[in-house]
Amino acid sequence: MHNNNIQPDLSVQIAGITFKNPVIAASGTFGYGQEYAGLIDVSRLGGICTKGLTLHPREGNRGRRLHETASGLMNSIGLENPGIPAFIEQELPAMLELGPRVIANLSGSTVEEYQEGARLLSATGIDMIELNISCPNVKAGGMAFGLCPADAATVVQAVRRVCDKPLMVKLSPNAPDLVGVALACINAGADALSLVNTFKALAFDIRRRTPIFDHVTAGLSGPAIKPLALRMVWDVCAAVQVPVVGMGGIASTEDALEFFMAGATAIQIGTATFSRPSTMIDIIEGLEQYMETERISHLSELSLQDRE
Amino acid sequence: MHNNNIQPDLSVQIAGITFKNPVIAASGTFGYGQEYAGLIDVSRLGGICTKGLTLHPREGNRGRRLHETASGLMNSIGLENPGIPAFIEQELPAMLELGPRVIANLSGSTVEEYQEGARLLSATGIDMIELNISCPNVKAGGMAFGLCPADAATVVQAVRRVCDKPLMVKLSPNAPDLVGVALACINAGADALSLVNTFKALAFDIRRRTPIFDHVTAGLSGPAIKPLALRMVWDVCAAVQVPVVGMGGIASTEDALEFFMAGATAIQIGTATFSRPSTMIDIIEGLEQYMETERISHLSELSLQDRE
Amino acid sequence: MADSSTCHHDRAFLSCTIVANAPIHTVPGEGLVTEMQVSWEGPVPQPGQFFMLRLERSGVLLGRPISVLGYRNGLVSFMIAERGKGSRELVTARAGEAIELSGPLGNTWPVPPLGDGPIALVGGGIGIAPLIYLSERLPPGSFHFYGGFRSKPYGLEGFPPESLTLASEDGSVGYRGRIPDVFNPAGFRAVYACGPTPMLKRIAEVCGQAPCYISLEERMACGVGACLGCTVRTTRGNRRCCVDGPIFPAAEVLFDA
Amino acid sequence: MADSSTCHHDRAFLSCTIVANAPIHTVPGEGLVTEMQVSWEGPVPQPGQFFMLRLERSGVLLGRPISVLGYRNGLVSFMIAERGKGSRELVTARAGEAIELSGPLGNTWPVPPLGDGPIALVGGGIGIAPLIYLSERLPPGSFHFYGGFRSKPYGLEGFPPESLTLASEDGSVGYRGRIPDVFNPAGFRAVYACGPTPMLKRIAEVCGQAPCYISLEERMACGVGACLGCTVRTTRGNRRCCVDGPIFPAAEVLFDA
């Protein structure tokens, strides 16, 4: 039993970086950190991942970009972003003022583009790079790299060479051999893993009798995917020793606890913030309360993985 | 434009068998056809798949068997069934009286067990065998066969040899190469394909701090998976020429129409029957009405696949 | 499963209307308990049976099994306790809302065996509901009602005090403790019990081979025997709680299996 | 996206209560239209702004963007039309229910340019809502309201007939046809329009380079500029409907892009 007078310590370490709590805003759902100001106290978050960044500016996809399904959200944004130089100049300074750890989510269509993006980001004040090899929404937008261990290793290795920042690799649930990709990323130098990105999904417009999205398929997120994401986080945590950041449909403290039980070191929250902007704050408070009630001094005690 | 005075014809053909409408009760969700009597008019269904049958009786799994998630249901029944001989003697006669086409869902843990089961079922009045190579809930319960093209081909070939009935193979969404498995099954003699079975998923009991299910993972079904299932049905329909029976989360006429747009010849409905027992009847009526309003003479016109 | 071919035309799936839904118990921290009345034009439910209830606008996937508390003139009533998301939806639903009902489902309390002595009705918390409906069919004075609650009791106001034994975990009424601590089956012709599984297990133990019937709770998806999700392990093998139960002879249930 | 670093402390996310939700229009087959009043202790909304609304007990995932119809003394009002599942939930919600609001969000109708002539408010169906709120801030007699409806009109009872031009597709009121068929921007100092996209497109066409502002509808997830899901293609590149709009100069919008 643990001392019950100690204030619960929610801080977690990932690749040498201390997060004051394990709740991180997921890439693509929290802009560059300012957008939710006024609705919630952004400074309380453990970390914020930027929208997926590419070396050059991208306009994103045409046509419909969002579609709601049962407890799920399909998106086909297509990595719209101002490009890394513009991000560094226009968005990053304010983002670094916010307080939460800043994680740059990096995408690319070629190894060189990833590498050059990582080089630029490495020279800034960001705390970590999250290498997105799992975006399902652009033709050459990373997911191709995330689907097979060898390709994943290539891009991780290339980025690792030019990147002084802690490197987290974000995995795709669409990879046929997810654990294989995970291990390949670690061998290639990843300090941490995050998963899952969105699931490849499809929806049709009944009226127009066409796919809803111009690119036909789109990425599914939200509570619908939680049981699938949790299973994948469990599988990956069982296979690796590096910290794993779990996500996929987390919307409540109970959901969050399940991911810590699966072995995650921290969690990210995306779609649930859309449903209820206070979700991340509610979870931070909920975890704190749970640790007090259950007399848990660190969330890692919850893990059901047999890890040394 | 089609003649608008013609009564819509909902009938579909699968492997030479005519179904009076394309709405089929999914295996494991409709018992042996009698259970929902009184709540709905079972005779109106196009077809009914039996609970998964094995040569020998099975007790099924211990511990919790059901868990509800956001718009989803996890189950770990473990193929509880009385064995094929008892099924043939005690359940089948009444089932054949019901009116809808009778499809026997066949499982096994060895090729020989599948083969012997198929032999017994072939000698009965059933209309079709649905070969379940995709049950995620028993250690040796079929899913192993459904995960790789070569194994799938082995079991399909073996069953095909002893089976005079039309043979439909039910695919697992957990297969890393779903289309590869689909093609292998057709090469091995499958007359039709059905998909998807449940997705491998995980949930924890927050209070007891254990997995909810004794077998840790369980199968996810219901509206949550619809966008994923639809994508898989689309991919398989694009690759094959045999009829495809689509399922996964269908709960409304609109959902059903999406599967026909993806190229499915018929559909199965499972979890939604639990939510609202009238779902299948509502969909049969909804499709009829849609065909009248939209002046569609056959549902195959809805397919967006380029098939000859 | 040989009985799965029985015809069940004594039941229906109907879209109904909530006629009333009034709180009868509200202890802070324990959740709400309401009595809900629903218009029901289907077959008359018998004591021990249940319905699957789901609001038309439901935010949960599955209907929830709820025992019949009473029935009169096309109105079926339920006593519902707030536990998780599904029951919260039900206790907070309002009169006028549409609700879908499948039922009546499951078996009924068996007729008491011939013999001497009163009958014991043993209810834990919300488990009193199907026993209240049963008591309506029993001659007055022929039964004694044991009611166990976490704190304040509810739902038993209609019973004469001499036919009631109450217990509460916090001592706020009757015996401080749990019902199995004070219940003795000696002298009773038969025991009918419903409540949390640990309570039923203890009741079954003290009853031994004496006539004792218990109504069990299992997670259900279909409620009609189709999904095999609600298995109860018994001395006669797997039984489905929803159609072979929810009422079982206590001696047949394998609690630790 | 350079403006995404602007501070937005003039808004809040609050759990509120529905004070009233009364049907104002019920044409069979067209769905219900209600006027909903919600207690709101946050910043005062301006005409043209909207909130994201989601019932606490919601069965849908995302909040729905709804324009402000009016505001007075801590009560914000909305006019809501039933379309799909999300709006159905809102129109059938009852007084007393808990609802979560984020807002006020988005930009506001720009101040009319200096000049002569009245201002035209052009609303199609439920699109009249943000124009009604705008009209409260305009001097009486300074505007003319064009309202287009599928069938019977609603929501415009408060306006003097001489300031109103109505059209209906089925001829049940005013001109038979659509508003763009009868609307001529000549003589108006500025045009403010909201309604279905095809209508706005035609209004934008007839207005050409004359001052015309249109409030656009796009599917939204966040409502605050974070998800990039609500893109509007304009002559100045991609804009986010939720923060760069919903109001845009008509001449800047690329409708067919």
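A, B, C and D are the chain letters, set down in written order, and residue numbers restart from 1 in every chain.
Keep in mind that, in the parts below, contacts are C-beta pairs under 8 Å (C-beta built on N, C-alpha and C of every residue); 3 or more make two chains touch, one makes a residue touch a chain.
Bear in mind the structure is a predicted one, so any value in this text is a computation, not a measurement.
Separating the CA-averaged centres of subunit B and subunit C is a span of 35 Å. With each centre defined as the average position of its C-alpha atoms, the distance from subunit A to subunit C rounds to 46 Å. Spacing of subunit C relative to subunit D, judged by their CA centroids, is 51 angstrom. Shown for subunit D are the residues that touch two or more other chains, of which there are none. Contacts with at least two other chains are made by residues 71-72, 222-223 of subunit B. In terms of which chains touch, the assembly is arranged as a closed ring, every chain touching its two neighbours and no others. Pairwise chain contacts present here: A-B, A-D, B-C, C-D [touch as defined].
Chain contact summary for the complex, subunit D toward subunit A: residues 1-2, 4-13, 54, 60-63, 86, 100, 102, 219-222, 224-231, 237-238, 243, 257.
Considering their complex, residues 28-32, 34-40, 51, 59-60, 62, 64-68, 71-73, 75, 77, 80, 82, 90-91, 94, 222-223, 271, 273-278 of subunit B touch subunit C.
By the touch criterion stated above, subunit D contacts subunit C in their complex at residues 57-59, 89, 92, 94. Residues of subunit A touching subunit B in their complex: 69-72, 74, 176-177, 199-204, 206, 209-211, 216-217, 220, 222-228, 230-231, 234, 249, 251, 254, 257-258, 261-262, 302, 304.
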